[in-house]
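Each structure below is given as structure tokens.
Consider the two complexes below, in which subunit A is the common component and subunit B and subunit C are the respective partners.
Our next item is the complex of A and B:
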């Protein structure tokens, strides 16, 4: 259990590299990090934990401390870059702990609205280029906040343009930005976006699968960014998650908005209802 | 490395945030610029040291500024080295921006030169583009100068997608459309279309200029002044009022718009939604004599059974064809695309953009040609996106049915009676457009056939694992008939709406 006595700095650290485990927060630059908090909560859910030992009010205060006037989030209260990645982390964290009071919803949805670009895609922030990763982060955030389909942030026309932007990212596999090479991890980032937008039926499933499988290492397994490159955990996970969205047999179904399996996401519901996880 | 690391944390623990901390963390960051903890420690140290400098130099502002500038200059040298080590390091670029805000002697021109250099090495480096934006903001560099910069970049390399993107974000601010309907004023738009044409003639396979083109003539806002009511039906037997807006609104707007003495509650078509285009008022006391008044801007009308704004509905279905310089520019674009299509028969872009041009110019007159492109030509040229083209064709066909159904000489009162009957019973599905209620009622009345099953593309995909909200499948049939979205559930009850509201913490709504 992590001690979290400092207001606005609560959450999970990535490691003990910056401070030993037996210490309380040692100062303004030792505290929770949104991406680590999201990861830690997901890990706990995967492992069947009921989150009862998690300091939820502390996490909520930590989120609040990380939201900036423009609606976006930085990663920790000590200050960092701010962009759509941490917006997603904040939304996912809130969804998992079932408490959205750490987020100013109007201001975060305004940030997303202002990050929609001329080509229909969504960037890391206003003025930044449309990108598969930030598009997923924005779409999943809206989905988790229940603001994706009510036209309060994205109009029907914008959703149409967004779908087309995503679909245009298919070369053989998906790439994350126009004129960039296909990369297996975008199988998830773009694939999941299309799934949430209800347009995954329009992907060329065969070509996408062909590309992803081509990135598998024939000797040691695992998936790489491109074919004939080095496999790593990140690309392996996102390739598998992407393939699951394409209903690849033998893979657990994925809950796109949280970037976990459906089983893990269901645990969130079980915890809310007070049920024991199986 | 580990002992240096240890020394750094040791000093931090003791609160000794001094020049040695800067030296140590600098060493470490040059090797790995992504350890954000070290940047954090540096910022703390720099703040303390700069405070010390300020105190030590008291009234001597010049001396103070000189020392501070020197301190921050060192920081700039470090971040430059780090950026060379990893040009995509979030921490290094952030630190540069942080310093720029603080140093008494910012060197903006140097910053721009650095950006130029970094962009020459990687023209898609978005950290660099973002830093440029920050520099321009701090230095108050006129947007027109940046527009010239994007000119150079685009002309250097037409496939520089980032440069086109930069242009798109500048032009809306430098040359805004006074009516707010186009992305920029008409004259500038015509020029940009010319630039894009030049680009795609030079490199027809590259998507940058084609994407840019499709943005230029997309009608951004159907109604610049916001959603308007398009029809209201009152069922005094069932004690309900149905309101359909051209765009989504929240409950408060609806309450302000429709006044009635009857008790009841407004429910959006999707009980989970904050805003909706379709709202239902369920009451127990709406009788034959109850007043129902619709007030919106200049409009102030008592509604007996129904009220529609057919002109608005027709305008939404079939917006006016463009005139003047926009029309000329679109015609030129269309001609260029058609010419290029003959020269580049395997390239999908000229045909796709020509199709969008035709739709924008004269959607109804060009209907058949548009469909032919979407259903026959484009799937051959771009088979991976066959589903996307089919979906677009479907939407266009559905639109056309509505245009015909509501044409000047159609039997409008019959249509409206159908609407009232169908919609009071059940709401349109959540992923609706404003015209979905009309579609459903026309289908119910047998005016539009709805047939077909899942497309070959789709197969029998289970809905499991699709995340929040099930997949909203657009059935693309092999036949030419459009498919309408089915709705099977009844209107949400007041209780379910309350439950939906109760599921959200009370503070959500208070966040403003």
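Our next item is the complex of A and C:
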């Protein structure tokens, strides 16, 4: 883990591509990345770690350095694209380390509000096309910030329009934008959004399940974006997570807002209360 | 180059840097034991070689021609490595490189990797530096010709238009042309909304024009979610019941059983809900809304539970009014 907190470059790296593994703070290109920090924290939770060795103030400074004037986040202090993906990473990271001081909440919720589109869905940013991925990122962020139901960001009418936008993304499986083909990973992106919005009961569960299972590779296993394609880790994970939300037997329950299992998400609370894992 | 070199290059595609005397002064940093211990990536010899030298040179933040070439090489091996692009940008600035040449190179990389975030970001930064948007519209046109819904292309185009204030008829015509080709292209509808909402807004003549155009397309394809979304979107402020033309159009479409799409019916329910909320002729409107929602459960069985929920929503609201 990258240690120096001075320049807002803290967090976890994805690899040591920009710095050798055996050195501390090295080089101007070495620094944390929001998506990697989120992933690393989730990995630690999955492994039962208590996060006591995590430099939380460093991470908070790293988040602060990544928030832009429009409220959104970029991925690292060296500069990158900015969109709803990193908004989610920032919220999830803050939730896991139980410290939201790295986020200007009014600013980020304003960004989300402005990203709600004319069709009721949410895009990667203001004016951008409504998309299942960005919709999940926005809804889960609001959930993690406890701003989903207080009408401070989304009115009741907007929540209803959002539910309908999501439900209309079901063809057989879910797709991510109107008139695009169904893709198994949206089983999670859209499915989880509906779950957080309290509208997952309105999904046609049987049809969705039928679609997801059709993307499974009969020879080597794993799930692909559609049937008769090539399975990959991403679609396999999101198909499983999506199936779990549909109460598929034999799968661990999922905590939609964090995109982890419920057991992993519970570790956050256990850490807060000082519980030891069994 | 000797014949041996050419053969060598032909076999491996490019000379390994460890065999290149121009890199003798640099000590490459290969993966440590720790890095090889867990889920190592099965990288090629060429990849390991290039990135070992990259890792070494990036520590020193060397800004040189050879470093620039190394980033070209590394970007080819992994165009998603954001550090490569970040370093490259710094080198370009230090060397005072020809950015228009770089834009050409960037265009080629994007054409090969049109869904890669890093290369689109690279292009955006270059355009921020040159302050020259002149190629961007044509460039995104090209990408969209191959994939009319490429999110990155649309995002770049929208950024260019907004940043350089390229609002105007040309962009409106562009969306119209795309919708003529395929009225189910949701990205084109979104773009149209983006242009108008940032210029004239949806009122007066403009709103009327957009309503007319949208109704014409709906008439051709009543089962298109995109056109209906646009219609309800542009009427959000004015209200769906405000336009007599729209109300009559819906009734007309409804009278043809074959053209009763779920979008039509839910649009009509929403119009009735608007009236109910305003207190207009509540009983008739409620009855009609409930009937339509029953019909929706039939014609859109996938969402039957949702339509039932909507029906109960209306019934409950009415009940509570009666009780009040």
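Brief remarks on what is shown
What we mean here is this: the second predicted complex is superposed on the first by the 270 of 278 C-alpha atoms of A that agree within 3 Å, B and C clash if a C-alpha of one lies under 4 Å from a C-alpha of the other, contacts with A are read in each partner's own complex, and residues count from 1 in each chain.
The rule we apply is simple: a contact is a pair of C-beta atoms (placed from the backbone, for glycine too) under 8 Å apart; a residue touches a chain by one contact, two chains touch by 3 or more.
No experiment lies behind these values; they were computed from the predicted model shown.
Superimposing the complexes on subunit A yields a three-chain arrangement in which subunit B and subunit C clash.
Contact with neither subunit B nor subunit C is seen for A:181 once the two complexes are overlaid on the shared chain.
Of the two partner chains, subunit B is the only one touched by A:152; subunit C is not.
Look at A:262: by the touch rule set out above, it reaches subunit B but stays clear of subunit C. Number of subunit A residues touched is higher for B, counting subunit B against subunit C.
Of the two partner chains, neither subunit B nor subunit C is touched by A:48. Within the three-chain overlay, subunit B meets subunit C in a clash at only one of the listed stretches 238-246, 274-282, 382-390 or 418-426, and that stretch is 382-390.
In the superposition on chain A, the residues of subunit A contacting both subunit B and subunit C are 17-19, 26-29, 75, 78-81, 117-119, 123-125, 127-131, 163-164, 167-168, 170, 177-180, 199, 201-202, 204, 207.
On the subunit C side of its complex with subunit A, the touching residues are 29, 32, 34-35, 51, 54-55, 58-61, 81-83, 86-87, 117-118, 120-121, 124-125, 149, 151, 154-155, 158, 162, 184-187, 190, 193-194, 197-198, 224-226, 229-230, 232-234, 236, 266, 301-303, 305-306, 309.
Residues 15-22, 26-29, 33, 75-76, 78-81, 117-120, 123-125, 127-131, 163-164, 167-168, 170, 177-180, 199, 201-202, 204, 207 of subunit A are the ones that touch subunit C when the two sit in their complex.
Across the interface of their complex, subunit B is touched by residues 17-19, 26-29, 75, 78-81, 99-101, 103-107, 117-119, 123-125, 127-131, 143-144, 146-152, 155-156, 161, 163-164, 167-168, 170, 177-180, 192, 195-196, 198-204, 207, 244-245, 247, 252-258, 262 of subunit A. Of all residues in subunit B, only 9, 12-13, 36-37, 40-41, 43-44, 90-91, 93-94, 124, 126, 129-130, 133, 159, 161-162, 165, 168-169, 183, 206-208, 211-212, 215, 218, 247-248, 250, 268, 270, 272-277, 383-388, 391, 430-431, 433, 455, 457-458, 461-462, 464-469, 471-474, 504-505, 507-508, 511-512 touch subunit A in the complex they form.
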